[in-house]
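Both complexes below contain chain A, partnered by chain B and then by chain C.
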Partner chain A sequence: MAGDMMTFNIKDGFMEAVCRGFRSGLLNTTDYSNICQCDCLDDVKQQLACTDYGDFLSNEHPPIATTTIAEKSTDKLVQEFNWVRSQSTAPLTKFLDYIRYSYMIDNVILVITGTMHDRDPHELLEKCHPLGLFDSLASLCAATKTSELFQLVLVDTPLAPYFSEAVTDADLDELNIEIIRNTLYKAYLEDFYKFCTAMGGATAEVMGDILKFEADRRAINITINSFGTDLTKDDRAKLLPSFGFLYPEGLTRLEQAEDFQGVRDACECYGPYRNIFADVGYSSEKSLEDAFFEFEVAQNRLAFEQQFHYGVFYAFVKLKEQEIRNIVWIAECIQQDQKSRINQYIPIF
Partner chain B sequence: GRSEPQMSSQKPAATRMALGIVRQRLKGATKGHSLLKKKSDALTMRLRAILGKIIEQKEFMGTKFRESSFSLAEVYWAAGEDIKYTVLETASSAQVKVGMNVDNVAGVQLPVFEVKKQHQSTTSELTGLGKGGQQIANCRESFAKVLDTLIALASLQTSFVTLDAAIKVTNRRVNALEYVVKPNLESTVQYILNELDELEREEFFRL
Partner chain C sequence: AHNTLVRGMNITNSTASDGYLHWNDLLIDISPFAWANIGVSAAIGVSVLGAAWGIFVTGSSLVGAAIKAPRIRSKNLISVIFCEAVAIYGVIMAIILETKAGTPPPQFMVPGLEGVYKLSFSGYGIFAAGLVVGLSNLCCGICVGIVGSSCALSDAQNPALFVKILVVEIFGSALGLFGVIVGIIMTAGCSFQDTR
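For the complex of A and B:
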């Protein structure tokens, strides 16, 4: 069983080593400060060539756009992930699939919305996130009515259990697409959490903490972002994942919250969140989202301090994503000549 | 109305009645000239004011656009680059429409565009519900302001072009009256007066 010091390396030792190899290729403070000092995106490309990124942009014609940088770096992440997944064995494969499910949810929602608005299927598939591609995704585009859509989704996709729990055929038509997305995501998070807890050992410990934070973060975000919209408190409560550090007491208070202060009060019961909210003043430069990113990075960093668990794979994907976000942010600041905000990225090591 | 083309080679009958008629015409031309001059002045003043506002709005728009572009970068930071596909796919009907009214300045019809905000659909309200919602709301506000500025700028620029054309036409008429019609009429009056004087002298001479 994963997490057992004596048996982990038999099946997953090599993969963990590969993962740690990727981790050491992440950009450090020197790399970041070099990139920040660049004056144009071509300089950024040259700086990145000296890192693990190598010549990933060499085939691009100048002038390079920030969207290209984002695309190519994501491609690199996808390549590394798919390589690990193809070499892995169960149950690591299942764990890696769980990581993919969140991207699948986004892709499915995108395809459903696009199909309902009669968009071209090829264009839709191009816009999907590569980590969330699966075989039956293309067949979703063939549906012409929402009931057909539901049949296809229910039968062919790995997301079927999340759909049947939360969304019925009638809902697909009327319910707001964002509500569907968040309902699916809640089901997915709860399922992932169950899976990790069942694995036991270090995986359960590390992933448990990470997923609990993710659940709380979503709960807080959904609450705050629903203020001033037509979303009722009851509907909102249905979207909040039912686990996490705030569960159950803080979650109940979140469900009742009516403004930012209410949210702040609901999180008082848990120390680290109290600190986060203390950092975020009412009109400071640092937004709540930034504070969450920082906390997430810190947790993912900690995952690498322990060995013989699957959390390192999850942590690597998330840290790499953060790195890509950082690079794109710096590139945008350089391109838009807004150097004053350039240091708002989140350093990883 | 248009001033009658006065051909100075055509000599009118040198009678008192003709004098009266020509003098009437001259009075009309003088009155018309001063009215048109006033109209031209009013239009020119309005044009200058609009020009000033256009410059102001253009600078303002430049700043606002820069801010909005940056707020878009913040959205990508918080919600990921893929949010743009979500927004594009869920767009249905326009949230901002433009209505046109007509303003009247010294007889010139100027188009004025006004912003008509439509009700925001719930889908777009809830975009980024789980992540990045605040940045999206900021971005939306920022670009809405840019759109307002753009529409105001469009009004101003259309007005500018229309006014410019109207001023040219009016000035042409003013100049025509001042340098062609009035001098012609005045010289006709002078000619008739001279003829009448000569006729009187002839009368005296006969007597």
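For the complex of A and C:
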């Protein structure tokens, strides 16, 4: 909408420009080829020092582990994100909070699963994603039933509205935890989508596409993961988000699917997914997950083509995460001496 | 008396002395001096609105982008200067219009109907010229501002883009110039000084 262009910069012009500055710090093809040519992780550290990462590893004792690289890179992302969030004003703050909710959901499920297997709470908290930390996360370790979870801890967190569908009196076991995770995520995605469409303009357009793909990806993954488990088709249907490019015809077909071929047929109706499934042939090296990551990167890259919308913030977080995954993949290949597979990262720019 | 000055234009023969019967009566009774001065205020006021709008749109992006790419600071001030030029057009036109409107001489008498026509013409002319200049500068300022913001962000990403986007800005700032030209032509024959 024309109005967006004229008034966006009042509150968010500075933040968008800063976000684009961060985006230009993402590694490009030359950086990646330099890193791929390294022989050991110390060389990787030196190469990264020439990029936007700077000397983020300078305080680590050699030999560096790949987990340290992952941790420190994530720290850098979290720092930049928190800086942007602390400077933002509504409604950008709300938008950035929505980005955090998905990590919060992951952390909640992680803590519950860990508690179920009697892990040490401190260990669990260290494994939580830093973007999704909130105050009462530690007290989740004490809960055993979902109703307790909700009434004691989660009702005060921003995740409360997503729990209304997930609260049952059933005990927490493996299957139920996955169901809880997916119900939460479904409610979160639908809420986020509603928020973005309500904002209108370029934000609705860009984020709408990105979130629809996310919803479809979730639906496909849930369907594929449920083959061979006790999950009934009705229960599965309840977990699929009610929006997306596949909604509603593709989703009804997904609900009926019984095997991978059924999933493939359900996605035939939408062009880009047909291409994805065509790439993931019967004997190719690329897995469905990799193909989805590639598609996601392409969509997030497109978000930067327009100005004056919030999609750039979301796209930056996701692209940075992909970059961290890439760096860790390359570091692992170098460390395990599997240079043949080193080029299977997903280039961003 | 003042009323007879303008009521000379009133040809509807309405003789009601305590109210207006038609919209025409009301509009005709607005003094040409009022029209002219509103035009002058529109020329400067709305132009400055456009210039300020453009400057904040460009400036916020420029400040943010310069954090990671400090080299763009000086070059991209050109966008701000283009927006400022819009305000300067407004000032210039306001001064020109004001000298045309001006203060009427002390022995201000208007003999006959032609003087009234000339006064009305001048009043309407200066009003319209003020609107033309003001609105065209408003749009020009906003346009240059938005393009300037994109220019700063693109320059931070890729220095080769700066000059190309500057061309777009130059075309945009020509819009303000059009308004000034038309305004000057419109008011070529307007004057409150000599109505004989």
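Worth a mention:
Criterion: the second predicted complex is superposed on the first by the 321 of 349 C-alpha atoms of A that agree within 3 Å, B and C clash if a C-alpha of one lies under 4 Å from a C-alpha of the other, contacts with A are read in each partner's own complex, and residues count from 1 in each chain.
Basically, contacts are C-beta pairs under 8 Å (C-beta built on N, C-alpha and C of every residue); 3 or more make two chains touch, one makes a residue touch a chain.
Just so it is clear, the structure is predicted and the values come from calculations on it, not from any experiment.
Superposition of the two structures on chain A leaves chain B and chain C fitting side by side, clash-free. Of the two partner chains, chain B is the only one touched by A:R119; chain C is not. In the superposition on chain A, contact is made by A:N9 with chain C only, not with chain B.
By the touch criterion defined above, A:Q307 reaches chain C but does not reach chain B. Comparing chain C and chain B on the residues of chain A they touch gives the larger count to B. Touch criterion not met for A:F56: it reaches neither chain B nor chain C. Once the two complexes are laid over each other on the shared chain, residue contacts for A:H129 go to chain B alone; chain C is not touched. By the touch criterion defined above, A:N221 lies against chain B but remains apart from chain C after alignment on the C-alpha atoms of chain A. Shared-chain residue A:T67: touches chain B; no touch with chain C. Minimum C-alpha separation, chain B to chain C, in the superposed model: 29 Å. By the touch criterion stated above, chain B contacts chain A in their complex at residues 66, 69-70, 73, 76-78, 80-82, 85-86, 89-90, 92, 122-123, 125-135, 137.
Interface residues of chain A facing chain B in the complex, by the touch rule stated above, are 67, 70, 106, 109-110, 113-114, 117, 119, 124, 127, 129, 176-179, 181-182, 185, 218, 221-222, 224-226, 229-231, 239, 287-289, 325, 328-329, 332-333, 336, 338, 341, 344.
Interface residues of chain C, counted against chain A in their complex, comprise 53, 56-57, 60-65, 67-69, 142, 146, 149-150, 152-153, 156-157.
Touching chain C in their complex are the following residues of chain A: 5-6, 9-10, 13-18, 20-22, 24-25, 307.
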